[in-house]
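This is the structure, below, for whatever I ask next.
Per-chain numbering from 1; labels A, B and C assigned in written order.
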Amino acid sequence: MKKKQIAAMLMAGAMCMGMLAGCGSKDNTGSSDSNVFTVGVVGPLTGDAAIYGTNVVNAAQIAVDEINALGGDIQFQLISADDVNDPETSVNAYNQLMDKGMQMLVGTVTSKPALSVSPLSNEDRVFTLTPSASGDDVIEGNDNTYQVCFTDSNQGSRSAQYIDEHFDDAKIAIIYKNDDPYSQGIRDTFAAEAKTRGMDVVYEGTFDSSSQTDFNVQLTGAQSAGADLLFLPIYYTPASVILTQANAMGYAPTFFGVDGMDGILTADGFDASLAEGVYLLTPFSADAQDEATQNFVNEYKERHNGETPNQFAADAYDAVYILYEAIKASGVTPDMSNEEICDGLIQAMGDLSVVGLTSAGSEMTWDDNGAVSKDPAAVIIKDGTYVTP
Amino acid sequence: MEFLSYLITGISLGSIYAIIALGYTMVYGIAKMLNFAHGDVIMVGGYVAFYSMTYASGSLLGDSPSAVATGLSTLVCVLLAMAVCTVLGIVIEGLAYRPLREAGSLAVLITAIGVSYFLQNAAQLLFGANPKNFTPVISGQLTLFGGQLRISYVALLTVVACIVIMVCLTLFTNRSKMGKAMRACSEDKGAAQLMGIHVNRTISMTFAIGSALAAIAGVLLCSYSPVLLPTTGSMPGIKAFTAAVFGGIGSIPGAFLGGILLGIIESMAQAYISTQLSNAILFAVLIVVLLVKPSGLLGKYVPEKV
Amino acid sequence: MKNYFKNMKTITKVDYATYLGVIAAFVIVTLLQSAGMLTRSMTGMLVPICCYICMAVSLNLTVGILGELSLGHAGFMSVGAFSGVIVSMSLQSSVPNELVRLVLALVVGAILAAVVGFVVGIPVLRLRGDYLAIVTLAFGEIIKGIINCLLVGWDENGLHIALNIDGTKTMDSLHLEEGAIQIIKGAQGAAGNHRIATFTAGFVLVMITLIIVLNLVRSRTGRAVMAIRDNRIAAESVGINVTKYKLIAFVTSAALAGAAGALFGLNYSSVSADQFDFNTSILVLVYVVLGGLGNIWGSIIATVVLYVLPEALREFSDYRMLAYAVVLILVMLATNNERFKAALSRVIPKRRKGAAVNG
């Protein structure tokens, strides 16, 4: 005890400081190679949202490689950091990328971390283009942040409008994930729009991250409330459970999903016949026959053991190309400071119009707020593919 | 009718909790440790069953296999999952828990958490982050009262499996030599050793049985809620742990009762009070029960020695 | 002076060394920071590290000193974080000074967490062992569930609070006036917060936590608490009011966790209730156990090392958390297995000093 303990303590303290210093030793401010833009991706690469983050990183890498292969003046270098879909870790991941000399952020992938990271990137003047964080709050008040995906409010009101126009007297049930800003946001605008239109919402059921594997109770509730249309503003993983469990119960309403539903046909092991007749709003379909989509999907499958890219991947692929176009339009160069790049790109975004995988042939443009304009199109699943109804 | 179908949902969910809780309670009873990695063994069982069933239906069986062939191959896959989990359970116990047998209970708890992190992350690296949609081991439903009440066969199977397992375990611990050895170890390890019982082997055996149960629970859980992720096991694991404490940890009928009650409370709370607060309500009931009966519903009251 | 130091009890020396160590670390880090030698990721981790140190030290009071396993400590952090955010956001116009607002937020966070701790403590402390552990876990989940339903907004008429129990209420149900601030949006948590937490505030909070905990432990109260831990019946038989002392330790621990939570909440633009779940409680428990039960400075060092570790392991990318798990298991085996320790001390003769780290 006594002296030894104190000595041990000091030793341990010294070790800690060493560790702290060690983890920051690799700092290179700014990119060493002056011809290359350093693009960062922050997203969940582990944990239960890992599928979204890994898709984004993989697809962004494909886009970066393609652009670099063109051999033009604009070259990219992609760096990524894992945020486990947690706001706290997300800030750490963002800081880490800043240390590595990130000049532009493609991220964050999910909305919740985005609410913590976007204000930071706004303060640091790092141009931020999120492929998939669709929350309205993400771009609100952050002039440096732009979205590739639709905003939640846009999708919510569009869904209500579509249902009102195409399903007369539908008795609607909603099942949504209440701890996810994406799901809650769509539900809120949907409910508000449904109310003004006088639509009949007979049941609302919620779930959260800890209960997203069992929907028997919500489905029984919807069934006994007599709902014949089930609105599902959720991602395809819980949606696949809902479809399977509804089938096991013998409950067959019309299912209506939003863009998160995309990916359900290629979900590993999912019986795709259950998804027949499901409506969804989608910007991207891996089955689309146009050349750009096919090239991208084939390239992705080739690189990643035949895995099919989802909508997040397509958004990320587009995001890199949008950056590319914006850089071309603004003429910023990698040796500029982050602030100059950011201001230049913000200027360029106003007049930019880009055709991408997720814009269904039309052009994407952005408003001052950073929201993208592309219209969510409703499709129905028939014989295992998306068909315009 | 609505009430009945909520009740059936609750009972079948509760049966899954009960099977997991049985594994928890056996390990706790003998090793006096909270095995937080138990939930992740369930997940491993689910993955093994998923891959072997996909392989069987893809390569072994023809295009239109007979019902008997499908049933047999499913059974073989479940047995395979049980075998893998049993081995995994023994390995975990031998490598991570046995060296800490003399250490404090908290040290073992943290190690168990470490094992849990390890299994989850290893699963993600091995199987990918992509959710797997599990094909239920049986499909279809039983229709009663002219279509007003439908019970899926999976729910029935779960309840039957749970009861069979409970009865077998009770018989095993009460009648067999190994079972008696387990009870002796859980009473007093030192004395058991003096009576010629191989304590380490007995504990390994307990882990083996608990893990095999976890594999069955994994298959049933994934048939019931057919999505498989590296984190699939953690929440059911915590709920089952709660169920085990609810019924009185260390008691086999207690784990069964606790699991079923927990399932019913959860489903009723979701249906009639609030889906948002169902977990909070469930835990509030647990607290009230523990305040009235501080050692769980069927737990043994152990007076403190002065 | 030299004599005074010599005559001091070892325990007191360790306490002073702890204070000194923390102050020295603060000074060094501040100097490095002003010299621009700290990277972004290190600077970004300073405040959360301070929060987790307070969490670990306060949990150590419950687990190490009082000897009761708590699996719901993050619940108190959550109470502190959200009350802190409410205070800071709603006082924006009336208290423009950020420092004053921060202090107010921390105090309110601590008080509310203490109240919750008191309410929780009365039933919880009647139980023992693993039953107590599961009930603390249950309370942690209940707190999370309730905050998930909480809608809070602020306008000129003051605070508007609603509980969204059936899932149909939204922020519109609060009937906020024009120009209102939406503070907590149910399960989505609070977003758009002002980040007013600073490293200096974190350091001060750590010092206050240390002063409170160390003085409590070395006082008559602390000795009573430890007597209860070592032998409850013996303590009771010499006339120690078991419930009272248990509650004192538990509520103090909750209050400190609340203050830490408030600081944590004000360090991020957004917080949500599911950040403070069972896993967070376990994380802090890991810090405490690795640092050594009842060992305050051990908790501090374990927190710093283990918080930095996953970030430092980012180089392993996909294998990061796997490596973390392996390190955790190996450290537990190395520090708790007698044979392993003996083997190590044979390989490294001077292992004794290191072993004390894990005291």
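Miscellaneous remarks
Here is the rule we go by: a residue touches a chain if its C-beta (ideal position, glycine included) is under 8 Å from a C-beta of that chain, and two chains touch if they have at least 3 such contacts.
Composition by chain, UniProt nomenclature: C = Branched-chain amino acid ABC transporter permease.
Keep in mind that this is a model prediction, so the values were computed, not measured.
Taken as a graph of touching chains, this assembly is fully connected, with contact between every pair of chains. Across the two candidate interfaces, A-C and A-B, the one carrying more C-beta contacts is A-C. Here the spacing of chain A and chain C, counted between their Cα centres, is 32 Å.
Inter-chain centre distance (chain A to chain B, centres taken as mean C-alpha positions): 35 Å. Contacts with at least two other chains are made by residues 45-46, 178, 205-206, 208, 210 of chain A. Multi-chain contact residues of chain B (touching two or more other chains): 121, 275-276, 279.
Counting only residues that touch two or more partner chains, chain C has 148, 167, 187, 318, 321. Within the complex formed with chain A, the chain B residues making contact are 1-2, 5-6, 9, 13, 50, 54, 121, 124, 128-136, 139-141, 143, 147, 150, 152, 154, 224-232, 235, 267, 270-271, 275-276, 278-279.
If you check the complex, the residues on chain A that touch chain C are 1-2, 4-13, 15-17, 19-20, 22-24, 27, 45-46, 81-82, 86-88, 91-92, 94-96, 98-99, 112, 115-116, 118-120, 137, 140-141, 178-181, 184, 188, 191-192, 204-206, 208-210. Across the complex, chain B is touched by residues 63, 69, 123, 126-128, 130-131, 133-135, 137-139, 141-142, 144-146, 148-149, 164-167, 187, 232-233, 278, 282, 285-286, 289-290, 293, 318-319, 321-322, 324-326, 328-329, 332-333, 335-340 of chain C. Those residues of chain C that touch chain A in the complex are listed here as 10, 13-14, 17-18, 21, 24-25, 28, 38-45, 48, 148, 167-168, 170, 172, 185-189, 191-192, 195, 268-275, 277, 297, 301, 304-305, 308, 311-312, 314, 317-318, 320-321, 352-354, 356-357, 359.
Note for the complex: chain A touches chain B at residues 45-48, 50-51, 54, 178, 205-208, 210-211, 213-218, 220-221, 224, 237-238, 240-241, 244-245, 248-250, 267-271, 307.
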